[in-house]
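I have a structure here, written as structure tokens, and I will follow up with some questions on it.
Order of writing sets the chain letters: A, B, C and D. Residues in each chain are counted from 1.
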Amino acid sequence: MSEVKSDVFADKELVVGGRVLKSRLVVGTGKYANYEQMQDALEVSGADVITVAVRRERLLDSEGRSLLDFIDTDKYTILPNTAGCFTAEDAVRVSRLGREILDQIDNPGKDWVKLEVLNDKKTLLPDPVGTLEALKELVADGFKVLCYTSDDPVMACKLKEAGAASVMPAGSPIGSGQGVLNQNNIRIILELLKEGDEDYPVIVDAGVGTASDVMIAMELGADGVLLNTGIAHAKEPIRMARAMKMALQGGRDAYLAGRIDKKLYATASSPWSGVISYIPGE
Amino acid sequence: MSEVKSDVFADKELVVGGRVLKSRLVVGTGKYANYEQMQDALEVSGADVITVAVRRERLLDSEGRSLLDFIDTDKYTILPNTAGCFTAEDAVRVSRLGREILDQIDNPGKDWVKLEVLNDKKTLLPDPVGTLEALKELVADGFKVLCYTSDDPVMACKLKEAGAASVMPAGSPIGSGQGVLNQNNIRIILELLKEGDEDYPVIVDAGVGTASDVMIAMELGADGVLLNTGIAHAKEPIRMARAMKMALQGGRDAYLAGRIDKKLYATASSPWSGVISYIPGE
Amino acid sequence: MSEVKSDVFADKELVVGGRVLKSRLVVGTGKYANYEQMQDALEVSGADVITVAVRRERLLDSEGRSLLDFIDTDKYTILPNTAGCFTAEDAVRVSRLGREILDQIDNPGKDWVKLEVLNDKKTLLPDPVGTLEALKELVADGFKVLCYTSDDPVMACKLKEAGAASVMPAGSPIGSGQGVLNQNNIRIILELLKEGDEDYPVIVDAGVGTASDVMIAMELGADGVLLNTGIAHAKEPIRMARAMKMALQGGRDAYLAGRIDKKLYATASSPWSGVISYIPGE
Amino acid sequence: MSEVKSDVFADKELVVGGRVLKSRLVVGTGKYANYEQMQDALEVSGADVITVAVRRERLLDSEGRSLLDFIDTDKYTILPNTAGCFTAEDAVRVSRLGREILDQIDNPGKDWVKLEVLNDKKTLLPDPVGTLEALKELVADGFKVLCYTSDDPVMACKLKEAGAASVMPAGSPIGSGQGVLNQNNIRIILELLKEGDEDYPVIVDAGVGTASDVMIAMELGADGVLLNTGIAHAKEPIRMARAMKMALQGGRDAYLAGRIDKKLYATASSPWSGVISYIPGE
């Protein structure tokens, strides 16, 4: 039996804001039943970057204990995020607070931030105007900004132009569990943002309900996926964490491997002119 | 940091026709560029059961070499299949030939067969009438029959009643690469065949184009997936074999882990009465 | 302002079993709140052929009144159907009973029947084996048989070969309201059954939930649609009857008019090789 | 036989910017093979409001003839649009030019405009920032603005707040022919914009490829649809115009009529908790 040569699995590293991510899966730390469950899920997910909401009411639990005391900050790079911010001003303030906290514990994540400026508490959809405003201020202040946004390709371009280290389009609304609702938009975003700049990182963020949602995002050519609720609120979070890890890796492999074409049936002779639908790896 | 307890990943074994499958992924051996590539893909896929077309023109290559000489038959259980048979009579004859061949090499797969009775060379769609006829004859002859069929739930029931060791509904036509086209039918098949018999094995066979197709089938609750072209004709078959392995395992995990519900947006209050769509793990 | 020439709307007639259908929409007569509502819905739907369940318990209401007394049998051609039959034998018997009844009232529908042989009361899915058996007997007995079946293309071919005047594939299960779940199968059925016989009538039957389901079936190239529950159980059946009529006519027009191709965006230059999805009118 | 009472078809009028639209279908005037074809298509579509690109190079043909000379401006209300504008400044200038032209011919459309500010010539996607800027200026200048935008619900809200007479979300990119790609977003837009203001008009604009795309938009609860290429570039534009008319009316009826629920099969007992998908009329 032949030995399979490992170079058939070669892949380039994902670099975001000058930092190499060993895993292309970034996971959140909220919504778990308890800290031990969170710790196990993080471990099983294989993530080396985890994201933490910096707002005080999210960082401290009801007993005043800080989430950070339950995270091995030597092992994980913390990506502070501005979840719960509804104005540019608030998001900028929270970003700076995150930098201070991570500076104190000397975590490498101290100069970056995942920017979320949400429009309202009902839909938790991103506010494009507030996001662009906060992004510009944070970039000027030296932050590497990973920027959450809708799947609108034009806003994605504007955010890249304004200096986002990564654009993070939503597959579907936060917490909706609907996966990638509009593959067409994700494909256009990938085409526009990577034109002449193929290593520019696009990370799908939000909306993941189950593992195949992650896999489909990766098969589309996304560089990574960020998720939280899909693991934390599954009936068995630890097992779902493993599913997400495999979906990420398998989806990346499938994208690079180049899938077969679709046909009406195996021997269908005529192509279907002008018809599109996504072909990962094409 | 806590140690993750392995029992959170507990799963029952997949048993088909009295035989335990260590991997829930069954892969074919045809359509590879060469035997070495096939060997590597089999190895990487993690499969312990592989399927081999018994018809002479498929078993021997242009130089008269037998495919079986390139397979480690101590390592793999061979599942003979009747690919290329268009009548019940032919399929029964080929099944018996497969039994003879495996008997000679004493492979444990000698008493089972994956039955395919195809309707025509154009569509390669299964012939339900011929399939049922051949199944009855093979069951009477002592075979454990894994029975390929369309996704018609009623035919699936008839095949189970006639003694199929496993029913193998097609996700989409052989070689079409379209994945699971009708999730509703696969769900009904799973409901009907597992009613009061939850361990009855249903294996989705045919139509897989890329890894997420496998994952979706597993998230629906299928017990396993059989595929060939999706790996063999990918641009990089070895890498795609790894993607399929991870899709299988991740999809099984996601099914068992119980995904979150879908919502219009995170805080949407009203349920959507009477609306369905598949919820793996529910 | 120019006068629009009516010949731009030219279309051929739909002929089924030697009979011209003025409307391509065939509607059922069951499940209405009362006979007056049924009468109005039939009128508004524009149908000239309506289908009636012949089984005694369906033909007579709780007061013993016959459904036929509430239908203008001079205006409508009755298509008797075998709804509620679960064996070939029963379906044949009911077909003959329907012929007798229509013969007495001298309705032109007397020599045809819509054949349904269902598998079970739970799913109401068609039994392919029983259907084929009953079809052969009815054809030998001189009936023009419109044959309800699943969307399995091979069974559709077998039913045509056995003499069905029209094959009527299900879009989705009876009463499910899910529309055409597997467009790929409907397309293959249309390709196979119309090969060298383009006027062979294929009528999509069952599963219609709303008007766009009808329109999509017609855009795929179906010759007509049969439905009942989608109108009868809508909140406002009369209004829904009008919606269905317009969906039918608009869908037929759209199919004949030849739709534009799909693109990622308007100026996308590259075709997406080997990708399919249905293009009505192509 | 009962007479069907016409009040079962009662509907309220669509009012946009203080003007009643008799038809809920608004059609464009570009891309036709010749003016006669355009005239016939307009006539058959049933539209009473038609939209005209005001930019000089679009208004005049190669012989210097004005499009307006071929339109019966006593019959149609002209909705001037800013197609081809890529900055807010340009769109405002073109809007004013449109007002002057319509003022000269005393067409009732003189005080309204369909605002498009596009991002680039490649994708023709709308620029949200430029659109909002132009909208504010036009509203201040007394225009009734029908505002084209992406399907981002937050931008839709901002446009309504800024005074848009109607928000017109894109189903998919201009000229893509992909219909409504993200029904979830259209539903959220309808929910947010009509909350406490149920008559606020939301008109789906762009992306229509065939008639069922129009019908689906209307079944979702949209107040109207605007389209151009789907008719003008069909193989038979006049017939497609009729298809679109019927799709619009049938879709409106289906929405108001209240469709049946979806089920796995007719007698499926268990609801599928927390699962959503659109139910027109619910």
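Here is the rule we use: contacts are C-beta pairs under 8 Å (C-beta built on N, C-alpha and C of every residue); 3 or more make two chains touch, one makes a residue touch a chain.
The UniProt protein names, listed by chain, are A, B, C, D = Thiazole synthase.
All values derive from a computational prediction rather than experimental measurement.
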Figure out the least number of contact steps between chain A and chain C, where 1 means they touch directly. 1
Contact tally winner between B-C and A-B is A-B
Distance-wise, how many Å sit between the C-alpha centres of chain A and chain B, to the nearest whole number? 33
Taking each chain's centre as the mean position of its Cα atoms, how many Å separate chain B from chain C? 34
Which residues does chain B have that touch at least 2 chains other than itself? 123, 125, 173, 176, 178, 184, 188, 261-265, 268
Which chain A residues qualify as touching chain B in the complex? 1-2, 4, 8-9, 36, 39-40, 43-44, 72, 75, 121-125, 173-178, 209-212, 215-216, 219, 229-230, 233-240, 242-247, 249-251, 253-254, 256-268, 280-281
If you look only at chain D, which of its residues touch chain B in the complex? 184, 187-188, 191, 261-265, 268, 271-277, 279, 282
Using the touch rule from the top, collect the residues of chain B that touch chain C in their complex. 119, 123, 125-129, 132, 150, 152-155, 157-158, 172-173, 176, 178, 181-182, 184-185, 188, 192
